[in-house]
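First the structure, in the form of structure tokens, and then the observations on it.
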Amino acid sequence: MIDKSIIEAGNAARAADLAVDYDTLGERLDRRGIDINAIKDKIAAFGVAIPSWGVGTGGTRFARFPGPGEPRDIFDKLADCGVIQQLTRATPSVSLHIPWDIAPAEDLLSRAEEAGLTFDAMNSNTFQDHEDHPLSYKYGSLSHTDAATRSQAVDHNIECIELGEKIGSKALTIWVGDGSNFPGQSNFTRQFERYLDSARVIYDRLADDWTLLTEHKMYEPAFYSTVVQDWGTNLLIAQQLGEKAKCLVDLGHHAPNVNIEMIVARLNQFGKLGGFHFNDSKYGDDDLDAGSIDPYRLFLVFNELVEAEADPDFDPMHMLDQSHNVTDPIESLMISATEVQRAYAQALLVDRAALGGFQQENDALMATLTLKQAFRTDVEPILAMARQETGGAIDPVAAYREACYRAAVAEERPAVSGAGGGIV
Amino acid sequence: MIDKSIIEAGNAARAADLAVDYDTLGERLDRRGIDINAIKDKIAAFGVAIPSWGVGTGGTRFARFPGPGEPRDIFDKLADCGVIQQLTRATPSVSLHIPWDIAPAEDLLSRAEEAGLTFDAMNSNTFQDHEDHPLSYKYGSLSHTDAATRSQAVDHNIECIELGEKIGSKALTIWVGDGSNFPGQSNFTRQFERYLDSARVIYDRLADDWTLLTEHKMYEPAFYSTVVQDWGTNLLIAQQLGEKAKCLVDLGHHAPNVNIEMIVARLNQFGKLGGFHFNDSKYGDDDLDAGSIDPYRLFLVFNELVEAEADPDFDPMHMLDQSHNVTDPIESLMISATEVQRAYAQALLVDRAALGGFQQENDALMATLTLKQAFRTDVEPILAMARQETGGAIDPVAAYREACYRAAVAEERPAVSGAGGGIV
Amino acid sequence: MIDKSIIEAGNAARAADLAVDYDTLGERLDRRGIDINAIKDKIAAFGVAIPSWGVGTGGTRFARFPGPGEPRDIFDKLADCGVIQQLTRATPSVSLHIPWDIAPAEDLLSRAEEAGLTFDAMNSNTFQDHEDHPLSYKYGSLSHTDAATRSQAVDHNIECIELGEKIGSKALTIWVGDGSNFPGQSNFTRQFERYLDSARVIYDRLADDWTLLTEHKMYEPAFYSTVVQDWGTNLLIAQQLGEKAKCLVDLGHHAPNVNIEMIVARLNQFGKLGGFHFNDSKYGDDDLDAGSIDPYRLFLVFNELVEAEADPDFDPMHMLDQSHNVTDPIESLMISATEVQRAYAQALLVDRAALGGFQQENDALMATLTLKQAFRTDVEPILAMARQETGGAIDPVAAYREACYRAAVAEERPAVSGAGGGIV
Amino acid sequence: MIDKSIIEAGNAARAADLAVDYDTLGERLDRRGIDINAIKDKIAAFGVAIPSWGVGTGGTRFARFPGPGEPRDIFDKLADCGVIQQLTRATPSVSLHIPWDIAPAEDLLSRAEEAGLTFDAMNSNTFQDHEDHPLSYKYGSLSHTDAATRSQAVDHNIECIELGEKIGSKALTIWVGDGSNFPGQSNFTRQFERYLDSARVIYDRLADDWTLLTEHKMYEPAFYSTVVQDWGTNLLIAQQLGEKAKCLVDLGHHAPNVNIEMIVARLNQFGKLGGFHFNDSKYGDDDLDAGSIDPYRLFLVFNELVEAEADPDFDPMHMLDQSHNVTDPIESLMISATEVQRAYAQALLVDRAALGGFQQENDALMATLTLKQAFRTDVEPILAMARQETGGAIDPVAAYREACYRAAVAEERPAVSGAGGGIV
């Protein structure tokens, strides 16, 4: 963890400016009829889960260039996640990935508690072969033509549920890479029937207070077809399985140009919006930092979520899911959590009564300006004040760098070779 | 109509070569266990409807460059469609577009009979203002915020059904341009609720033996969001409305890179595949001639359709929907109908038993080669023989050009000004 | 023109709040070492040209829904443009489109002077047929296979230059729709040779102080290939023609996902960045309001422009080019001009010394946060203060609506029929 | 190598049918004025190079699922390539990738000769770190901000040239992954200047009879910007460096919807078309088998190449570049080489005189049908006859499977672990 004195000293140096900025923003918002403190309280209460694998350096099929002090196991990862939560107060939970993060439940619980963290959704993995699984997922997992392979994949998911139950998780997220690389390789209908049959077995194993989140993705690792290729197929899965099944939306898993905020609205309208994997993308599933490429799109997604908050049962899960190839993963995750909060804060500023009126009148210009007014408000003072008041850092990156955390863990954690695999 | 002697003379000159080509192809297919005559019979029985508007020259928002002899009304259009059917024997029906094609039912029936045609699905139009409709569709139709405008749009659709009932149609196709051009202009959820409410009124008016086909489209004329933007929303509509409601797939209405044949399979799997608008596209809703850009994709769609034929209840509707900007529309429609038949014929050649085996064994290479073997077979002799035997032309374009039909009608039909509107 | 008293009253009501907001922003910027007044002065000096056709309501190939008070001719258009400039002080010039705006030069000059406007680049039109041009552009213009048609298109461009010379323009912008709709329709190489030959004749006619701007576009109205399809071909044109030839970048004319700001940098690096057509798009050439879909992308383009300002010879042209289908065009153009200024102001706030250091050190996180810090600064007080000080309106849309300009001109200008063409 | 008796037995069983099919096709082509033997001779003389890495199983960033008998080193790879050439007679050369294929030149030469192969272009690798290179390419190679890293990358390329000179190669292909993942991370202009400076050093080292091929790619491994992102930048490189520098076109490296055949035509028109990496793609750089997704596009590329053959100096290089994730790489490469030949054969069948006439007359329909007539001709008998006459297999996959080559080498080559890395 970061020494508190570093956080406190950094905050002390920034507190006066922050107070001024917060007050002047408060006055401007007050003119618009908005109570800045109410916004700040909502931000302070808002959290986004960290994916355990996010604290490691990512890579591409061409190469992975590791950084210093890479986490060696789930306990190192929990330590890194603890730092993110300590500084940002925006990331209270961690989402585990099995088998990468397998460990005794009691150890996971105690180390998470030390780091001030709880456990979010469990993630299964049947897009890679496991050393202790006899059958390969090369040609699919839940939808494989071979019943034994499907069964192995189902059992793995149940194993994830069982560990999750012990550590307080309430959801299982399934993403499979199943699909095909050639026209004709797979029979689309038979393949999806097999998927549904497998998913039903997993679904039936879920406790009543659990949620099954299925994730769609247009392509990669399969390059001609993917079983759960879009929200249409994802919706069918959730409909076929039942009430505990909902759809997870990863912002980078869509076709070019697709209106993602509209998909969010549709899924919510029909009770099937389960949660998010936040990240950003320019080309494909780029897994870039949330809000780094198109911050307005992130705002528009949150505009839908705030709209949906009117329903008291609305409670989707929020998780980051990014690949950090050229930055320190801890820094990227801190900034990304902040960007998600920023989009939420901006969306909270939208004058919904005015917006509704403009929509009814087809005053497109004023309607869109109503969104823009909220979006262009610099809410950084709100985010920073929320951090300061909850014990976090006004400037998380500055505090992190000053603490030299990375250099410190690099002394304990051995360097990882950068030599790439021969994958092209 | 084209003088029969022209067709007969053309066929006579080509018959000997065709016989040789048909026989040698028959021998090659026989080696693969395929009876060429059975394929030919299926092709002869297969038809695709012509859109009435397709026989006029299309345009873009920048300009329309009319050709000579443009049809002046639905009766001219029926005459042109009659020529297409006469020469190709592949287009036995016409799909009307209301209000463009409004005419007394008895006149429509008698002129269609003269032209050897019947009537396919009716198409309503609420993406343009009608001279006799007091309210504008500028901000929407079935999903408009104003109840009176929605009601006007509903009434128009019912008017289409009523005309259709008189002329033997059994389906109504609804495509709306409703959407928005700015973030915030429309509330996605309220807008879709209004759409569903309007559609329900239309649906309830349908006779039991009618089908309601709804059509999705990613964008254009709306450029930020579209109410029925993709097959996911289209599926929701069909689910909400009931059994008579099914989804229509236009090949050009999807996001870039989307696997359309997979959407076809999904809709069929869940009983919601209603029919097709065939065309081709490279960029957006280009409305190019079927199979002109990516003939393999058209084949892969038909591969799904032939796969689905195993179900005796499977009976989707087939229609061309193209915009002919630089060709003679009659020629383009003849060739496009032929290309649709070609894809069907190729798909019929797929060795499905072998394919199923390769799929089960994950022999991706042989599975895809099984499709390719069918696709690369030059089935032109089958198509030509089917035409010849049913009284059509072995070479429809040659016959059409020799008959100088266009020049003849241009004498009767006045030239249309080519001066573009000021739309940029 | 708008009555000054309306502007003054509106400003008076907003001046106090603006002063506070400007001062508190000034303080915050001062902490970052930025002089707010210097930024404001640059904004006040920055203008973007209005396209004359932009003040009319646009449409799609499906329909055009006109609004009240549509301008009847170039003089009405100049009046509307004058209002935009009066209220925003951001649009000092107008870009004419020939033949739509043909009028005696002296009349154009006098009416523009009355409206407080000058003339920007001339735009030729060979994507539509002209009533007084005997030959059709259906199959192309500058690249047509027919020499006489090419010659007619060249002459038209020279006519545009001649009118431009009389009214103080210094540039000709050429956009052609030439291309093809079918593989094989055109020989790519011969077609481009013909284009270059025609363009050379036009280029040779240009005075030394004129610039020839050529515009690339991926597709539409041609749907298989377009002669000037991307910046690569555009660059070749500029290279082949000579120093007076430069490339114009329209933000909506690129393939999906393309990094446009990088194209801007490349063209500038090699001396061929001539200017911009600003708008926004989500799918294709949607011609939506600048900054309405992806404001961060607009900022990133201006980030390149500010970077390039270090070169004293850097002087690209800026023009809006949008289609206003659902808004009052005057309102959209006012807001769009403001959005362009906003992006410029934000880009001016980038700490370039810090950015350069982070780039050199490969500190990707701090580099991108440096841009984000500038982007998320709410510069509205700077823009509003610049308008107020130069006689414009603090809130242009409010002033415009209060003045009831549209209702007033609608009394003089007859309503235009909304009945769509039969183009589908 | 495959036992000749297996090939001979397989051919003997198929020879009679092939003779019939070849003769009947010959008759049909004769009617169109085409000499089938002339086509066959051109096909027999046409070869496409195999990438050495193509004989290994590829993977994605999620996982790699190896197959049995993976080649352990360049000598195993040469053996596999020899089999491909033995059976298809379409792949006379191999393209090496350094450092993966480093070996003594004399050993490379002798083993290649044994396998009946020569060496095509050399490929350098600065998108991965090398064990013996002290500096990392994490933040770039030829365009790195650090001069020492750039120098190391330059030296590596020169090392590739030196080895190439010893083994008879005449070209160096450079593909770099340099780019950025965040707006602001890199200064586009400075980065490209550094790239050009580095490339110039390599270029100056080239012998006069060598070609430098540079390869553009839209994205991946960099996800916000890529230094050589498209053909425009690639063209600038070739222009800046000089006559020996030309552009390499990989079919999967473009933005969605881009017209690749037009890029081929443009590069050729200006003397800068250097060669191809053939593969196919549906979404991104999918590296699927050539012609497997869109065979008509492959044909249209070859249509440009045959068009360009009129110039006696036209001599681009042809190479496959694919990733085989779910097939036996040897089988995929054999089929892909055949598909490239097929597209070439079809393009040779185009009636260019007729095509030119239709183009001149703007007879778009007949022009495109002229291409389609060639494309839909089943040229398999020509390809098979060319293979048979040059000692290859009429059905290469059947011969390969019958020979049980994979099982045989799997006995010698140890199994590779399938456990994926932790890259997500």
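In this document, chain identifiers A, B, C and D correspond to the written order of the chains, with residue numbering beginning at 1 in each.
Quick note on the criterion: a residue touches a chain if its C-beta (ideal position, glycine included) is under 8 Å from a C-beta of that chain, and two chains touch if they have at least 3 such contacts.
Just so we're clear, the structure is a prediction, and the values are computed from it rather than from any experiment.
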Per the definition at the top, count C-beta pairs in contact and tell me whether A-C or A-D has more. A-D
Among the chains, which one keeps its Cα centre farthest from the Cα centre of chain B? A
Length of the line joining the C-alpha centres of chain A and chain B, rounded to whole Å: 42
Distance between the centres, which are taken as Cα means, of chain D and chain A, whole angstrom: 39
Would you mind listing the residues of chain B that make contact with two or more other chains? 138-139, 180-183, 185, 218-219, 224, 256-257, 259, 282-283, 292-293, 296, 326-327, 362, 364-365, 368
Interface with chain C, chain B side, in the complex: residues 53, 56, 58-65, 97, 100, 127-131, 136-139, 177, 180-183, 185, 218-221, 223-224, 256, 281-284, 286-289, 292-293, 323, 325-327, 418-424
Residue positions on chain C within touch of chain D in the complex are 138-139, 145, 180-190, 192-193, 218-219, 224-225, 229-233, 235-236, 254-259, 261-263, 265-266, 268-270, 296, 300, 303-304, 307, 355-356, 358-362, 364-365, 367-368, 370-371
Given the complex with chain B, which residues does chain D contribute to the contact? 17, 20-21, 24, 27-28, 31, 256-257, 259, 282-283, 292-297, 326-328, 331-332, 335, 342, 362, 364-366, 368-369, 372, 375-378, 380, 397
